[in-house]
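Lettered A, B, C and D in written order, each chain numbered from 1.
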């Protein structure tokens, strides 16, 4: 019997791991049980955001020091997914998942289950293609098994960190006579996010077998997952995946639920996600209920039409602030208001993750 | 007997007055009845935001052309208050107030009342001082009378456009041997916004007689108005004031209510404002109720502590995006979600307007 | 016999026309002789820069008021080219060109000649295509004749303001069953800038007859003009063109020369342009020589490779500041240092205007 | 006999130390001889710039791995000064100084000398006060001796990394009943930069003994050093100092010279600095001369008046881009153009470092 422990820790900067260190020092967290660290760091969340790499390095060094493992060993055992951008009220933080051996018998009730894993490395010419789709599909299915989840309906959030193309990687492909999916390195982020999400959608049967090919990636927006959340980063060549759901194989103090925001201000979907996690809400959560909400995890993006509820916004025409930053700020406000806490995980760029302008939202509650 | 008509019109750019033109052309709006235009324009809302001036110029020219009045006449008859910044989902728009002669008897029910007026021009050395406080107090009281409001509790929103100091104006004061309140032109915006708001607070009896002096302006934050909303702009030397409330002297199709957001994610206060306007809400407004909400008007600001609900945010430490832009984006998301419409009026910089990090919120509903 | 007078006037804001007003009041400028106003305004120079429209409106209103012409008449007689973006040391200003009847005999020496004109309006589906190329070619040739310039080598700067696509214009084309060159409105700026520049290149014989087709626009960068400088703006549907050169048909107090900057720090090219205008320079201009330089006009852009002189820069990877703003700031520094004056005209986005990462630079000197 | 070796290495990102690693691997650099690493990293150079810390961590880790020293030992032996901000054409890079035992006799000619050292840690209440001034003065004098420089005129650049106040540090002072110099953490950067620079000015006799007190720091701008260049960072509590000059005690292949830029476009001062380093220049450096210029090091800032050469700029009124970023972009363009290389070190914020709007500029040339 196992249980998943979740710790939401504040960060005073991208390299601040003091809270996790204190939890380890006081025995509250056994560093060898950590399977994943999911972070929201305070960079711009775009191309030149180095806070993601700095946070990954800081947590990796801490866990290596506390476990005695090498940094490479830590990299093979723990999934690090850092998402940049804490616009508006959003609070920089990390969510640490521990998988702990627990005593007792399996309970009848499904509780929070989580597992993490890795795809193989991708060649530059494979990025953003079916190669990524297939590997993410394969690992998602593995992680379901690892988390003791048989029914795809019990999977509520699949967080993936995927690679991106750089000038060097593109050159490498070209020197071997291969062509990459796109030459713009910024756009390659979207292709990899989209391909990863479609892999999840196939694994969970959200879209029909055979519906995905290289051509539909970042092109046919009718295909999407309602639980995938993917982020690209320069610091890796494979995908790191964290799967979350509910299972009777775990006896955790937590449960998770999800819904899909139809657009950036769909607060009703956030309430649905809370209820889907097993907490009945009357209008908005009460103070007591808010205290039991551990975190909300969501994707945000500017609707490609430039409109929300038929009202024009300026997210796409503002040449001073990137539209992903506008979107995170607004959606961060909406979700923070719903759960009564600005320390929530809102990530930008939702290709094939929910409908245009919307995205998946999951909520973890203390049972 | 009079009634107030309110028209919320979309703007495809700061100088787009086509919707108002069409309403005038089709006879829905009589240009001579317009008493105020309150706009949300798509600049950065900070020092170098010229969309406010452009929008003012555009609406002034249209009204002059349609009424046959000179632009100067229009300036003396209509209050133009343009607030810059439509971050996140916020939609650029203008709210046009018309005061119309109506037939019939006074109704027993209080309905939307509005009036607009102007203080005298201020010398540079008077800006941000008791001179502004006193004038705003005086005109607020006049506007209450003009709107047929006797009880300060029936005043729900007082929007003021105030001046700011420029290098030229400071020099002018110095050449006459006078000292200005602050030499930083950006900071002078805050002093004028604060002084204007305190004038409203005195007029409405929100703070004790004699509690305001030059020293407390932008210093003693315990003094504030719960209904004042003030914006500074370079384009004027006096204050333009729009007062909104409910009165039996008007037989309008609308009513207004307000509340105070304690912080940036206080969605409960937005619901309170809706209810205060006479619409009973169960949790969140229904689709039918949302259709009857004309607009929400609110002030947003980054809490000076850098924290919301004890969670650190990066609004004050982000050197790429001004904190007022972060605040409008987040609060804009919250209010849009509550009323189901991103075309709401959220303005930044709330000195002496509600508590630190919070601010007044008013809602106009169709009865 | 005619002469061209050039007035460089400072602007304290995008709508500040006080200096020109004063020059008219004191009789130094006859408003009816103005043929063009070329401005550098303080917006971001990108999509949501409304300072260009505001400045155009302000100057148009002033000239209408001072001449007694209607604003429409002014539009047909005077070319207004406003370019946004005054990053770094660049000073907002306008350059006013007057074409004046002068007494005396034609001089043997070539002096500053200038003329302005307009293409026909373009349908949305014509934007960024050969239709623009051909019209700009035609008008450029007309303007040469109007300026008394027979030899293309005597043309030193051709400034064009061209239109761009908006969502409305794209829709209009589609409703008539026509296709536009690109659906991204931002990218349409580049296509129109490029097409306009190629029209100039054809008119002046800089590239071979028949070398331009729809396919090469914004695609074959080996084709470019060394004297074209083009800017796109939402406020017009045709192209406004100002041509500058030297001619014996004018007896001006000024002369113009040009060169091509090979990259962003090619200060040697700026010196060459000064010398090309007839001022012999030893190293850098002396204080006396600097006083005789009226203005420098140049195009700036970030090299598409991300490198200048084989050194990596971050103009293309900085997600907080648009690369055109980086480029104007840097090139503005270089040119200001060369001529000893930060009030110079540096405009961004140089498709088919000089080589990748470089661009034309012209200098007007007092003889 | 010793010699200073200087290596300018490109960085493809803030944590890219590959070039230094390669130099060590091929035996070109002995890691134990490194005394200082001076870097220009690609963050925004303001409060939330984490690229400085990331680069420091990366170089520290590399040197620790290559020398076998602990990271703490490296910290005590090597000065790391990272300055953020590579706007415009500026290229991210690091300058590595090695102090090497050399054979042979002292030469008659003065060549590049360099030394590095550290002040004691400062209490929060000491930051930005005479405590910093005195310690920087003391260590500067020590470093002169260490570099074999007796005459202050032979000191050409003193680079200091100083601390800044954080909310935690201010709280710590207050809990001990002490007051800090300023509560705004951003402003504390300026006080520390200013105090450090005044310490250098006193050490070198640039300002009279007794002229500095707490009151004049960041207040009396007539007091400044012509060779100090100071940067604040959150990652340290003391000052790290790198002193550069010329001395007969060293037999280096390099020499250094300096001058003071009077304003942001004072390219003549850059030429003077090159000549001061011993390279006679006719106008602008030739291609051969440019190849011998190793690096230029300069401070840039926006003139507090908002004017350069009596021309208004918008660096202080642009609410989208911090004025320090504007200044680095412009000055970076000027200096890159003068030396023909965009890989130069231009740092922002020049309190008490050269006159208002200007700053020191030093040039290192290969003899």
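Structure notes:
Just so we're on the same page, contacts are C-beta pairs under 8 Å (C-beta built on N, C-alpha and C of every residue); 3 or more make two chains touch, one makes a residue touch a chain.
Chain identities (UniProt): A, B, C, D = Cyanuric acid amidohydrolase.
All figures in this text were calculated on a predicted structure; none of them were measured in a lab.
Using the average of C-alpha coordinates as each chain's centre, B ends up farthest from chain D (Cyanuric acid amidohydrolase). Across A-B and A-C, the chain pair carrying more C-beta contacts is A-B. Look at where the CA atoms of chain A (Cyanuric acid amidohydrolase) average out and do the same for chain C (Cyanuric acid amidohydrolase): the two points lie 48 Å apart. Between the CA-based centres of chain A (Cyanuric acid amidohydrolase) and chain B (Cyanuric acid amidohydrolase) the separation comes to 40 Å, rounded to the whole angstrom. Under the contact definition stated at the top, the residues of chain B (Cyanuric acid amidohydrolase) that touch 2 or more other chains are 12, 42, 44, 48, 314, 317-318, 320.
By the touch criterion stated above, chain C (Cyanuric acid amidohydrolase) contacts chain D (Cyanuric acid amidohydrolase) in their complex at residues 10, 12, 42, 44, 86-92, 264-268, 271, 282-284, 308-309, 311-315, 317-318, 320-321, 325-327, 329-334, 336-338, 340-343. Remark: chain B (Cyanuric acid amidohydrolase) residues 44, 46-49, 167, 306, 314, 317-320, 322 touch chain D (Cyanuric acid amidohydrolase) in the complex.
Residues of chain C (Cyanuric acid amidohydrolase) touching chain B (Cyanuric acid amidohydrolase) in their complex: 12-15, 42-43, 48, 50-51, 53-54, 57, 168, 234, 320.
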